Amino acid sequence: MTHKILIIARSAPYGSSLAREGLDYVLTSAAYDQDICLLFLGDGIFQLLKGQQPKQINLKSQIGAMEILPLYDIEDLFVVEEDLIERNIDTKDLGMKVVSIKRAEVSQLINSQHKVLSF
Amino acid sequence: MKFSLLILASPYSQQGGLSALKFAQACLNQGHQIYRVFFYHEAVQTASFLQTPQQDESNLHQLWCELAEQHKIDLVTCIAAALKRGVLDKSEAKRYEKDGFNLQKPFELSGLGQLLDAQINSDQLITFA
Amino acid sequence: MTLHLIQRSPFSNSALKDCLNIIDSQDSILLMEDGVYGLQHSLMQQTKLTAYALQEDMTARGLTSKNSIKEIDYCEFVNLCSQHQHVISWY
Amino acid sequence: MTHKILIIARSAPYGSSLAREGLDYVLTSAAYDQDICLLFLGDGIFQLLKGQQPKQINLKSQIGAMEILPLYDIEDLFVVEEDLIERNIDTKDLGMKVVSIKRAEVSQLINSQHKVLSF
Amino acid sequence: MTLHLIQRSPFSNSALKDCLNIIDSQDSILLMEDGVYGLQHSLMQQTKLTAYALQEDMTARGLTSKNSIKEIDYCEFVNLCSQHQHVISWY
Amino acid sequence: MKFSLLILASPYSQQGGLSALKFAQACLNQGHQIYRVFFYHEAVQTASFLQTPQQDESNLHQLWCELAEQHKIDLVTCIAAALKRGVLDKSEAKRYEKDGFNLQKPFELSGLGQLLDAQINSDQLITFA
């Protein structure tokens, strides 16, 4: 049976490895044919910024690794409008196609899932 | 109910490992089942049998081993997260030509598929970070 | 219905704030580990949500119960988890 | 030569081991006859709360370990008034004798030291 | 004169706020690691302090320079450390 | 000038270790001296020679060893913080009857007095957390 799983990505990339380890779980789950959707909450938004060049600090690109998501049919990438505004980021600064929702809509998204996990 | 635990917390730098133990014990006391405990991120260090806390400190490695043996609990350590952090069993040590190892039964190394399996097949997966 | 586990101090980490930003009025909050310092925070003193705090973590830190926040033990913690659809950790 | 060393304690106890490891450094420095003073900043204040009973969570008492400080002649324990107010704590809730200063006075304290380290 | 190293994101951690609470007008700030996300934060957009950000950490994260915050490399980072009486890390 | 570094960051979970390496390199390039690098809190894991990162990842243990050998830098790991976290050398392993060890030269185990000595005898002690 395919489960609807929501992964909440709350960590900025590079300062902590949680962003990367969360993404590794997303890719594993997708490989096992689960129905994954991703919500970038708070600092998680920074994972999506265009033009990341982490070679400079000897780390692997987070956004680079995310480019594979559409190949796994993961196309529901949600971001929260208020988080973007708070961080002075426009959706055109993001390197992936996202769906922007309001904070008030997040609980609906959570409630519609079989399973939820946050990194 | 079937519970699984995901532990991310570093065993001696954060409280999450101690909280998870108390939670697991409370589950079992109430007749619930622990389907799996999955160690990821910093928590992979819990699997190392080399840890040597002071006598008046909890030995998290030992406590998990005891709980696992008493109640037949599956203790799975994420292999990718563990290897880079220097936690490996005899066969990985051999494969990578390392002079020693620090993980053995009841802990075992496996992939993230085991976490997905735990999430799908448990009623609740509780994260301790 | 979701149970939100707050595992960090709200004075030094955004876990509680981020959670409150998106929480549903039907959801519940459990303060645990350094999250119990939330008992001292204005965000928790105003809240109308159903809120709990883990007794062991409060006692360990020398904190006493405030307002409408219910002290619970690990046994009740497990029960709460079994009664909610989702359990989400904030750290 | 004796150095004036300021240790800034910013971590709440128990959730992280930093509070304890910072204190271990304080005790070591004192044993080597340095002139130590301690500033509890932000969540560091929580290290001083009366009535801590961490046996409940299988950890060792932070405030208990601090009772030894006067024996090492460490008597300058500074706290910041605004931090106390923000956390709804009164100095009578604290288990150690402290000197309360204003945020505006902290930089003076820092500038008067040979060495500063924060945990 | 103190150089303050901000090593965490101000949106999820209080490091920057705690530092600004007690900083002297003569002091300087260096944003590094996730601290460079401070470039996007209103606290840094208002500041009159001398502020720097570590170029490598900005480039890694896809951030570009803002306002009066000077981009520096590790060589200048070392120089700044040698020019200040104290260097304090906030994390 | 004489610099010392205090590293608290976990080697593969946080960026601090990588930043410290870059800082040390920049110091040396400019003719400054590194008096000591002290590993405390989670950073004690850096001393373990068992770490096995992927080939496209930095091996922090290896990079510190190389820098230390090239420039005769003192790499000191806090013994109390290391033992409880499962990082120990041959003689500690023997003392505590552990089946293996994971720390050897150029890393060494010593007490917090070495951090105090570094703080007092360096012009600056820089913390990477």
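Going in written order, the chains are labelled A, B, C, D, E and F, and every chain counts its residues from 1.
Please note the rule applied: contacts are C-beta pairs under 8 Å (C-beta built on N, C-alpha and C of every residue); 3 or more make two chains touch, one makes a residue touch a chain.
Here the structure is a predicted model, which means the values were calculated and not measured.
Of all chains, the one whose Cα centroid sits at the greatest distance from that of chain A is D. The best fit of Cα atoms from chain A onto chain D calls for a rotation angle of 180°, in steps of 5. Chain centres here are means of the Cα atoms, and by that rule the chain farthest away from chain F is C. We define each chain's centre as the mean of its Cα atoms; on that basis chain E and chain F are separated by 25 Å.
Between chain B and chain E, the centres computed from C-alpha atoms are 37 Å apart. Centroids built from CA atoms put chain B at 26 Å from chain A. Chain contacts: chain F has residues 8, 12-13, 15, 19, 22, 41, 57, 80, 125, 127 touching two or more partner chains.
In chain E, the residues that touch at least two other chains are 7, 11-12, 14, 18, 33-34, 56, 89. Annotation for chain D: residues touching 2 or more other chains are 10, 14-18, 42-43, 57, 59, 115, 118. Viewed as a contact network, the protein chains fit none of the simple shapes, being neither a path, a ring, a star nor fully connected. Of all possible chain pairs, the ones that touch are A-B, A-C, A-E, A-F, B-C, B-D, B-F, C-D, C-E, D-E, D-F, E-F.
Residues 1, 3, 8, 15-16, 19, 22-23, 25-27, 29-30, 32, 123-129 of chain F are the ones touching chain E in the complex. Interface residues of chain B, counted against chain F in their complex, comprise 10-13, 41-42, 45, 48-54, 57, 61, 80, 83-88, 92-93, 96, 98-102.
Contact residues on chain B toward chain A in their complex (touch as defined above): 6, 8, 40-41, 80-81, 111-113, 115-116, 119-120, 125, 127. Contact residues on chain A toward chain C in their complex (touch as defined above): 8, 10, 41-42, 80, 82, 103, 106-107, 110-111, 113, 115-116, 118. Contact residues of chain C toward chain B in the complex are 5, 7, 32-34, 56, 73-75, 77-79, 81-82, 87-89, 91.
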